[in-house]
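Pasting the structures here.
Heads up, the next two complexes both have subunit A, just with different partners, subunit B and then subunit C.
After this line comes the complex of A and B, so read on.
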């Protein structure tokens, strides 16, 4: 038993009809696919592209969200807190490298403070992942322990059968009601995926030994300090909290911005761009693994593809490999 | 908003200067001249100090029309504030136009302290006109029906480039002779690349892939710290250096330009012209769909040689004039501010649009202002060394056919 594209489209429409949300790959411009909120099942795009240019993290970690509102009345401040009720959400057509980011981030959002916005949204999300059949020179999932049909973070894995049908592999019970009747006993052999490009342990060792090193100046001087790598990364999760229009809101933030570490005094502990690049690499391949036992990278390659000056994790790690 | 159109009372925000129009409004009051109570007056020192963002802000907070009014030419309390304002509006209106603002709701007038009668007339007329137009659904066009069916005309093929071998030779000589400490150029994929030693110039390339305007690096402290730098300089980079030099942002002595050629290209406004054929509300609907994808990664700002402020206006929070939130209002405010801060300065290199990971056609916004600068002032930023800036100067003859 497999599922047809038509059945998937019908499923999207029925979810939308129930007032739920569906995020999926969509052709937002000619030759340009992004994950986007679908307005109809017919917008779902599952073939003809490598991977969407962004990530699915917005379903649990929106670029902008209101934490609470308040009213200032004379000298008193009244909190207008409401119970946060996330909308039930289906992600259809995620890539394995997007889905895996969610469990990697769970411990971060539940470490010293339990972030209920994250947790409630997580519970309300069902992730249906499409196994990869192709990859490009920027892909490196196999170097960070994942692969073209890695099941991590997915509730269902779909394997394209090439005839408008997809083999269905149930991973969790969450989507059993939706996909149970289509489940397959067998699924096709996974594609081999991109060749392994580096060894994370060697990278970690290098990072430990080369905090102060000319390596950063030599290899990352061309970084211009935008947030494209972080904002299109499935695992980057830094945020900024500000007050706006009588609300306390949370927006994405990125370590490549000069303002990210700027103190009120004017002192900036990371003065130059190579220091900020070092931070990004150190955090992903040394600090996060030391703290949470996981690499903070799923090998999707978004950082390299979206970088205006051709940097990104892989290009820097290639330089590590070459010493 | 009421569904009963008879109940609609337009809200009009008037930004007026302290010395003329505000006193004109005062005179209207003391003379008991009646005018509609629909106007909310915001008094500012001078039209020259009225930030263009306030016009946008007015619509953001629910105005149906915005009026900006100051002293007649020659009457400015500060000598020339209104002339500066007039020139800015000449370039700002085309930007509002390309974004699909309803220009029938953006008014400019000169009203002196003696013209209580004119103030009465203007407010009465604007109120009546806005009442006929109905409420302004700024950014509230329904998204049903999707984005308007517009796509840019086929891009003109990039002009062929030449001079790669000569560039490598010059770069090698500069490094070998010690004339520069480093050469900044492009690798074969078009990414910016540094060559520190003469033999490293072999990896420098000059081909159609190169899209970054390397002048952008001169704003960075860590690059300035490298000392004398050789820079691969196609024509658009040379234009950027001209503007930056005039704005005291680069020390030309520290940069050795390694000129590379791209066949001469006149500015191309074909995409803009095709886009402007859409009606205004369709244009705004288009931008609502485009800006929805903006996550504020600021790649457009990072790659722009002209965006050199150490603290960008969007990072100022006292007051927070532009929302840093990636909402539709915030994104409109941001892209308007970004584009207009380039007015008369953008060299049209296209790096912003090329860098945008969301593929938002930012070039259309820059082109709208560039076209106005060319049509009205025969001005092309950076076309010569020492060129006077366009904004920050004025002429007594600047056009004011849009000012009552």
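After this line comes the complex of A and C, so read on.
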């Protein structure tokens, strides 16, 4: 058995009809596919692109969310906390490098202090992943232990069969009701994926040995500090908390911004872009693995594809190898 | 849902202005049940907030023996602290915490305590001083060296006088050259030099050093020359924080999240961290 594109479209429409949300690849302008909230099944785009430009992290970690609202009335304040009930959500057509980011981030949102915004949204999300058939020179999933049909973070994997049909591989029970009847015992061989470009252990060793090093100045001074790498990244999760319109809200933030670590005194522990680039790499390939046993990178290549000055994880790591 | 970002509502009981731009506040839990069960250890911090303006991170500068309320101190520097500056007795503010680790007050028992502070760094030392004075018999001699740029920049100056009245407590006040007034009876000079001139006995001592990076930089060699070991010198790091609970990603120094594994570190621990703070 396999599932047809038409059945997937029908599935999307029936979910939307039940008031659930569906995030999937959508052609938002010519030659530009993004993960977007679908308004109809017909918007679903499952072929003809490498990967959506953004990531799926927004389904569990919105770029802007209210933590609680309050009412200030003279000298008194009332906290207005609504019951947080995330809408049931289907991600249809995630790439394996996007799906894997969710379990990678679980421990961060749960060490000591459990972030229930993250946890409840995670529970409400079903991830249907579309195995990759192609890759570009920015892809490096195979260097961080993933691959074109890596199952991590996915509830179902779909393999394009090329005839408008997709082979279905159930990964968890979560999607059994939806996809169980289409599931196949066998699934096609995946594409081989991009060649391995580096060894994470060697990168970790380099980072350990080169905290103080001219390497950062020489190779990352050209960073503009725009933060695009973090915003497109499936695993970057840094955030800011601010007040607006009687709400305390959380917004995405990025370690490449000059204000990110600026002290009130004017002192800034990371005062230049090379120090901020070093932090990004250290965090992903040394700090996070040491803390949580996971590389904070899925090899999607988004940071390199979207960097205006040709940096991003892969290019910096290439410099490591040549350095 | 258990919302880890939800603050406690606090009633402002008292506001004290210490300098032209530094105030401290005493705040009490609005919810009596929370007040009854709340406890913390000296050295921990909280995230305090002015509703409508945002959150800021401050040390809890009251002693952990004081029940029913807590105190914090801030300099007017930005959006949140300007809003807190305008907060009056009876107003409501927010507090999350306590977060982070604390001073090892038990390990410091039977030792002489040396407190070295500069400027706005007195509040995170003050909580430990009061705690030690309230358990006076557990600690040896107490030396407090506190400096500020000018006489009017000294924070908790009235409490310095009070501490001095206790037995086996030596208080040394200093201001930067040019910062003195005609009536000034304290020392003139920078904390590291004034401290070195004071010839404080170093045997069986621990030091808590908090202040601007430049003060710490020049004070550590003095402590070293006195023979204090790196494991007996402590500080509190005050990296910028947003969540306070190890998630928002900005306070780390190398692989150490200051909000969770700090803010209190011994020099021995600091020497293992990269220069990222």
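Heads up, the rule we're going with is that the second predicted complex is superposed on the first by the 323 of 323 C-alpha atoms of A that agree within 3 Å, B and C clash if a C-alpha of one lies under 4 Å from a C-alpha of the other, contacts with A are read in each partner's own complex, and residues count from 1 in each chain.
Note that contacts are C-beta pairs under 8 Å (C-beta built on N, C-alpha and C of every residue); 3 or more make two chains touch, one makes a residue touch a chain.
Because the structure is predicted, anything quoted here is derived from the model rather than measured.
**Q** Based on the superposed arrangement around subunit A, label subunit B with subunit C as either clash or fit.
**A** Superposition check on subunit A shows subunit B and subunit C fit without a clash.
**Q** Could you tell me if A:28 is touching subunit B, subunit C, both of them or neither one (first, second, both, neither)?
**A** Touch partner of A:28: subunit B, not subunit C.
**Q** Looking at A:60, would you say it contacts subunit B, subunit C, both, or neither? Reply first, second, both or neither.
**A** The answer is neither, since A:60 touches no partner chain.
**Q** What is the contact status of A:212 with respect to subunit B (first) and subunit C (second): first, second, both, or neither?
**A** second
**Q** Please work out whether A:269 is in contact with subunit B alone, subunit C alone, both, or neither, and reply first, second, both or neither.
**A** In the superposition, A:269 touches subunit C alone.
**Q** In the superposed arrangement, which partner chain does A:231 touch: subunit B (first), subunit C (second), both, or neither?
**A** Only subunit B; A:231 stays clear of subunit C.
**Q** Once both structures are overlaid, what angle do subunit B and subunit C make about subunit A, taking C-alpha centres and a multiple of 10 degrees?
**A** For this superposition the angle at subunit A equals 80 degrees.
**Q** Touch check for A:141: first (subunit B), second (subunit C), both, or neither?
**A** neither
**Q** Look at A:221 in the shared chain and tell me whether it touches subunit B only, subunit C only, both, or neither; answer first, second, both or neither.
**A** A:221 contacts subunit B only, not subunit C.
**Q** Of the two partners subunit B and subunit C, which one touches more residues belonging to subunit A?
**A** Comparing touch counts on subunit A for subunit B and subunit C gives C.
**Q** Would you check which partner chain A:310 touches, where first means subunit B only, second means subunit C only, and both and neither mean what they say?
**A** First partner only.
**Q** Touching A:296, do we find subunit B (first), subunit C (second), both, or neither?
**A** neither
**Q** With the superposition applied, I'd like the minimum CA-CA separation between subunit B and subunit C in Å.
**A** So the smallest C-alpha to C-alpha spacing between these two chains is 5 Å.
**Q** Residues of subunit A that sit at the subunit B interface in one complex and at the subunit C interface in the other, please.
**A** Touching subunit B and subunit C on subunit A: residues 240, 242.
**Q** Quick one: which bits of subunit C touch subunit A in the complex? Just the residue numbers, please.
**A** Subunit C reaches subunit A through residues 1-7, 9, 49, 51-56, 75, 77-78, 81, 90-92, 94, 212-213, 238-240, 242-243, 245-255, 257, 260, 274-277.
**Q** Along subunit A, where are the residues that touch subunit C in the complex?
**A** It comes out as residues 67-68, 70, 72, 75-77, 79, 81, 83-84, 108-109, 111-117, 120, 211-212, 237-243, 246, 248, 250, 253, 255, 260-265, 267, 269-270, 275, 279, 282-283, 286-287, 290-291.
**Q** Within the complex, which stretch of subunit A touches subunit B?
**A** It is residues 28-30, 32, 34, 36, 39, 53-54, 63-64, 217, 221-222, 224-228, 230-232, 240, 242, 244, 249, 251-252, 254, 257-259, 271-274, 306, 308-311 of subunit A that touch subunit B.
**Q** Quick check: in the complex, which residue numbers of subunit B touch subunit A?
**A** Contacts found on subunit B: 146, 151, 187, 189-194, 212, 216-217, 220-223, 293, 295-299, 301-303, 310-311, 315, 317, 320, 323-327, 330, 351, 354-355, 357-359.
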